[in-house]
Amino acid sequence: GCGSKPAEEAPAKEETKAEALNVSLVVAGGLGDRSFYDSSNEGITMAKEKLGVNGTVLECKNDPALYSDQLVQASQISDVVVVVGFEFYDVIQEVAKEFPEKNYIYIDNTIEGVSNITCIDYMENEGSFLAGALAAMMTTDTSVAGMNEAAKIGMVGGMDIPVIRNFQVGYEAGAKHVNPDVVVETIFAGDFEDPAKGKESALALYAKDVDIVFQVAGKTGEGVFEAAKDSNQYAIGVDSDQRYINPDNIMASMTKGVGLSIYESIERIKKGEFKAGTVYKYGINENGVDVSFGTEDMKQIVSEDVMKKVEELKEKIKSGEITVPEAK
Amino acid sequence: MAERIIELKNVSKQFPGVLANDDISLHINKGEIYAIVGENGAGKSTLMKTMYGLHAPTSGEVYIKGEKMEHFSPGEAIKRGVGMVHQHFMLVPSFTIAENIVLGCEPKNNTLFVDNKKSVEIVKDLSKTYGLEVNPNMKIEDVSVGIQQRVEILKTLYKGADILILDEPTAVLTPQETEELFKVIKKLVNELDKTVIIITHKLNEVLAISDRVGVMRQGKLEGVVNTTDVNERILAEMMVGREVLLGDIKRPETDGERLIEVKDLVSKDNRGFDSLNKISINVAAGEILGIAGIEGNGQSELIEAIAGMRKIESGKVIINNRESTTLNPKEIRDLGVAHIPEDRLVTGLSKESSITDNILMGKQHSNEFSKNGIHLKREKITDYAKNLIRKFDVRTASEEVKVGSLSGGNMQKVVIAREFSFDTKVLLISQPTRGVDIGAIEFIHDQIIKKRNEGCAILLVSAELDEIFRLSDRIITLYEGEITGEFKNGEISKNEIGYYMTGNRKELE
Amino acid sequence: MQDVFNLTLLQNTIRTATPLILAALGGLLTMHAGILNIGMEGMILIGAFFGVLGSYFFNSALMGVLLAIFSGLLIGLLFGVFTIELESDEFIIGIAINIFAGGLTVFLLRSIFGVKGAFSSPDIVPLPDVNFPFIDKIGFLDTIFNNHSLFVYISWILVILVYIFLYKTPYGYWIRAAGEHPESLETVGISPKKMKYISSLLCGVFCGLAGAHLSLGYLTLFTENMSAGKGFISLAAIIFGASNPIKTFGAALLFGFFDALGIRLQGVGIPSQFTQMIPYLATIFALFIVAKRKLGKKVA
Amino acid sequence: MFKIKIKENMEYLTSLFLSIFAALLIGAIIMVFNGQNPIVGYGALVAGAFGSKYKIATTFAKTVPLILTGLATAISFMSGIFNIGGEGQLYLGAFAAAYVGFTFGSLPVFVAIILAIMASALVGGLYAYFPGVLKVKYNIDEVITTIMLNSVAILFTNYLVNYPFAASQGKMGGTDMISEAFKFTKLVRLSKLNTSIFYTALIAIFMYYLIKKTSFGYNFKMVGENSIFAKYAGVNNKKYMIRAMIISGALCGIAGAFEVYGVHYRFLQNISKGYAFDGMLIALIVRNNPVGIVLMSIFFAMLKTGSNSMEIATGIPSELILVIQSIIILFIAGENGFKNIIKKRKLNKGKLVK
């Protein structure tokens, strides 16, 4: 009986202010990860600057007790709610039903057939494929300082969960595609917030002749970068372009275009061109995932030649010549 | 006139709810032995702690050697030559004797490290000078209370004390140990020019050792008398406010069946050494069997083994015609056994709980106090507690007071009130009057005799020979876990029994 | 297997154990003084933050360490005031300190550095690594013992110093007496409160050092909650080691060993969740063995 | 006797409110230094927790796990055995309940829910039983073992939800959903408040009755206060310690079950972010008093919900709120000490009474 009643009182007065669109960003973790959540925030910041929207960020700090609270709160104060984190899968369906006139942009998971939830899911396996290929090409290139002959690369994952395993599968496939003999070693630190554990895990890999470690571990990954620095070897960043953190040892990053896709969605909503309720799978074909090599002022570790090869792989994926496996 | 080495002027001490010392003025003369007596909770310990700087008086003044002391700490008292041996020992169990004695001003080498060798030497020297024999390298937790007492005295002497405050030093000593202690005290005063203040509940000791006596009652100083002017009876009356009669006991002949039977009992002590070696005893209904022995010869273990608190290695215990050898304390109690344990604070009470809760223990599932054994009838319980408090004369403001804040004697009364109100045929009693004032002793003895006359079998262990002799129908002497003698009351004198307590076996036919 | 059990395992062990050792040394001092400190987790975090702060602003690792020590003193004092002066429950205060440290560091991170989550910068001067030339030549010694961060070696020295402090100096005796039987200390004219304060301040300092080591020696950055349970593990090491510095050192090394082992065993095909359990289960198992031996001895 | 109790309670309440007040004052000062208006700030805090039906419901929804874990702490701590392993017991209990919920979908609702709660209590209780036995039989410190077992349980359930019981529809970090019919009814739209609050109330009343009114509660307390005495007087101290652990673990397990059936409808790999620790803190602050646990849980839930909306409403950064919150906790924790100081003051100033 209560479904027809508009949800709660808050938004009423906002609507009087003509065009300023109210946007909330709800993240499952916390900002400051210098990767996934931060890049989603970049999208909001950009929208605030360029599109003049009002933006609010609500963090859940990985506390499931807050998922629903923050989402409801966001729904009450804004027109567009950007929800970041696969963890919201249940909660967003519950809440979106209650606020049918609000637009939900849901990042990192897919929900089909809900008219006001638009999903953007990144095919991290495809991005990781490129990272794996890159690492496999580099690891035997002894002309680069710190690389050894052994065809061994590594990855440090935050936790052994499906999302991270999807990275792992792509990474391994990419590496094997380039060099079937390459050995890929993965360590799960068991924590997204323990850089010491990340460093220890990476050091354990480097001690086994691994010279490039791909980190998919949030703040734990900061420790991987430290390990790379200490042992003068290399790391690959994740989600955002992380080279700036330490351009000498972070050779590249596997990036998701989170910020940009959020910005573009908001732009489209503003222009009235937004098609709500769609599911977008962003892979290489859609320029949703990529490998980035930092800004131009940085000295490159990866040679032009290798970068070109990575580009070629991208084309092959786009053309369908290569299909990247997914984690089951 | 003698020098007033300590003087108190109008000292009062208020604790929450209790005025422990009420406007007390007294002085101690240099070179005398000054005894303080008074009922449990009269405020004796509190007064001593005030002299020693542990308590700040709520009002009044303290002078030590003529100097007015204000807001002083024990450290400052020590500097002025005051040393105190506390009622409850102030020793660190895991430290050695030497470490305990030098604690607080350790001898050092290189100004940085404690010189343990030197500590040991110092202790050896002190031992020799004062005739207090100890092994400096033993840990406190491994030595008897008698030795601990010596350590406490050595501790004060090491710190250069010339005024010694001894708070109930004899409460836990055997008669022999007490005698030795008194010799030392006399030597300290007569030969070494020290002053001694001593608290004790044993009036014969007061008469034996002191020059003057201060009598306290309910926080007030009742009076100060010269020892030569009084006798036990007068002192007791001053303390309690009425005449105390520790007179003869009427004991009607009761010839009952055997309720406690122990056969070839073997058990170990806490350190795993044999403490009871094939002990056999029996106690009949209407009989008190007293066990005399110097502490540490197996008496405690015997009672604990029968009560189910200690593992029985071999042998048999039969209570009320039922074998109880392997039963736990609860099952043994269910056979009809009540037990007054030797250490009330560790075993006999829960300090943090109210008097009511302590008294309820053991009856919480009874139909009298709980519906179906589950739902507690709180009102009934409160009435019951109030009733026992009255009956056993526990001095307290309320039955909801935490037991831990009662004075020692009153704590003991709580234990006795609880255990004596079980309807049992067998009583195991250990040290029933330790640290208890003379008025209370009278009361407790009366209760024990009453139980006997009602037909209980009572096993009594006490370090007080007087108590054993006064109460027992039969006496057994224990030495190193073995029975060395058995006597009917009247068969042997206090002087003779010491012979058996030190290991000389009476030839049993 | 060769990949798992090799010399670098021992090297990892030492590295992983160091923050535990430093914090545990502090915690065992309060333990001796009769205070169970479960606030070490927060104390480490605060030390880690101020270590980075000092190093960054003064461009000096030493200043970082000094600031970590200073912050440790303050938080130790706070802990002391509540547990000793106000006689509050040490359990609650410990938990409250942990929450407080979490909030404070995040707040300061935001207001001083203007960032969330993590702060790293080339301007943070790390603590130096140490290389002993004389064992350079001997391969296995070099792998295991050389080229660790400065505090690794300092922690070993501190183990000895704390041992000497506790068992050879008057203050050590007093602290132990204050924990075991405070009245006996008070009656010889030394304030047990003072001893408890000293231990609690020293605990703050040691946890501060543990934090500084974490953020300046082990890593060169600060992240939210970077103590990640190390305070609790240190506490376990203390209880395991019966508050004896040498035994606690051993317990911390044991824990470090199993932690390192857990990481290395991931290659062998066991799901990572199980390898990560190794340190915890091993600790319980070790406790069980020790306890069983003790029981056996008593019977014998 | 009643007088003494009332007086004690009054003293306790006074000092508790004084310390909360002092903490709020310090928080206000910090806000002022940060250029915020404390009145607006605290207003937003209260409004955020109780400002609307939805908000009240949200606040009360949060009390459920706090009350249960608080009671769990109380029963174990009062019995002298320290169960710090509530978190692990909660995880396992939650998983067990979820397992029942997604496996036995065809059972009648009533039976399924009873079964789920029993399973969670059993698993939680069993998981607390082991450290209890290790403590009682081998004298292994339960503080360590329970802390260690927390990590083990969390890792183990993490394995379960990512391998054998991973949700069938991909990225979830949880199990499948429990059967639709088993979900506890929601009480207020949008909020997470559900019927588990009634069950929690029943459990709280039961625990209150057990602890305060029965001979068994009395036995638990006596074992906790002096276990040698308890043994001597005929209470099987070891048995009661283990019983306390089992009850404690069972309550934590049930807390997990309620999170699954009332809030998330499936087991999530990070289903609790330290509920058991919050519950422990609460129980400690109110000294294991069941009524106090309920009230303090509401206060803690208020802080959590309120501070969450405070940031949106006032712009006070959540980090600052965190600092103020921790100061409040520190001061409530110090309550006892403040009371002692006040008492001493009074005693020194006051006249002598008999």
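Note that the chains take the letters A, B, C and D in the order they are written out, and that residue 1 is the start of every chain.
By definition in this document, a contact is a pair of C-beta atoms (placed from the backbone, for glycine too) under 8 Å apart; a residue touches a chain by one contact, two chains touch by 3 or more.
None of the values given here were measured: they were computed from a predicted structure.
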Chain labels contacting chain A and also chain C: D
Which of C-D and A-D has more C-beta pairs touching across its chains: C-D
Whole-Å gap separating chain C and chain D, where each centre is the average of the chain's CA atoms: 29
Intercentroid distance (Cα basis), chain D paired with chain A, Å: 35
Cα-centroid distance, chain B relative to chain C, in whole angstrom: 45
Residues of chain A whose C-beta touches two or more other chains: 160, 190
Multi-partner residues of chain D (at least 2 other chains): 155, 158-159, 162
Residues of chain C touching at least two other chains: 229, 271, 273, 276
Chains grouped in pairs wherever the two touch, ordered by label: A-C, A-D, B-C, B-D, C-D
In the complex, chain C residues that touch chain A: 3, 8, 12, 15-16, 19, 115-118, 120, 214, 218-221, 223-226, 228-230, 259-260, 263-264, 266-267, 271-273, 276
Residue ranges of chain C in contact with chain D within the complex: 36, 82, 85-89, 91-93, 95-97, 99-100, 102-104, 106-107, 109-111, 229, 232, 235-236, 239-240, 271, 273-274, 276-277, 280-281, 283-284, 287-288, 291-292, 294-295
Chain B-touching residues of chain D, taken from the complex the two chains share: 1, 4-5, 213-216, 218-219, 221-222, 225-226, 228-236, 343, 347-348, 350, 352-354
Of chain A, residues touching chain C in the complex: 30-34, 38, 160, 185-188, 190-191, 193-197, 199-201, 203-204, 207-208, 219, 222-223, 225-226, 229, 245
Of all residues in chain B, those that touch chain D in their complex: 12, 14, 16, 19, 22, 58-59, 307, 309, 328-330, 333-334, 339, 341, 346-353, 356-357, 360-362, 364-365, 369-370, 373-376, 378, 382, 398-400
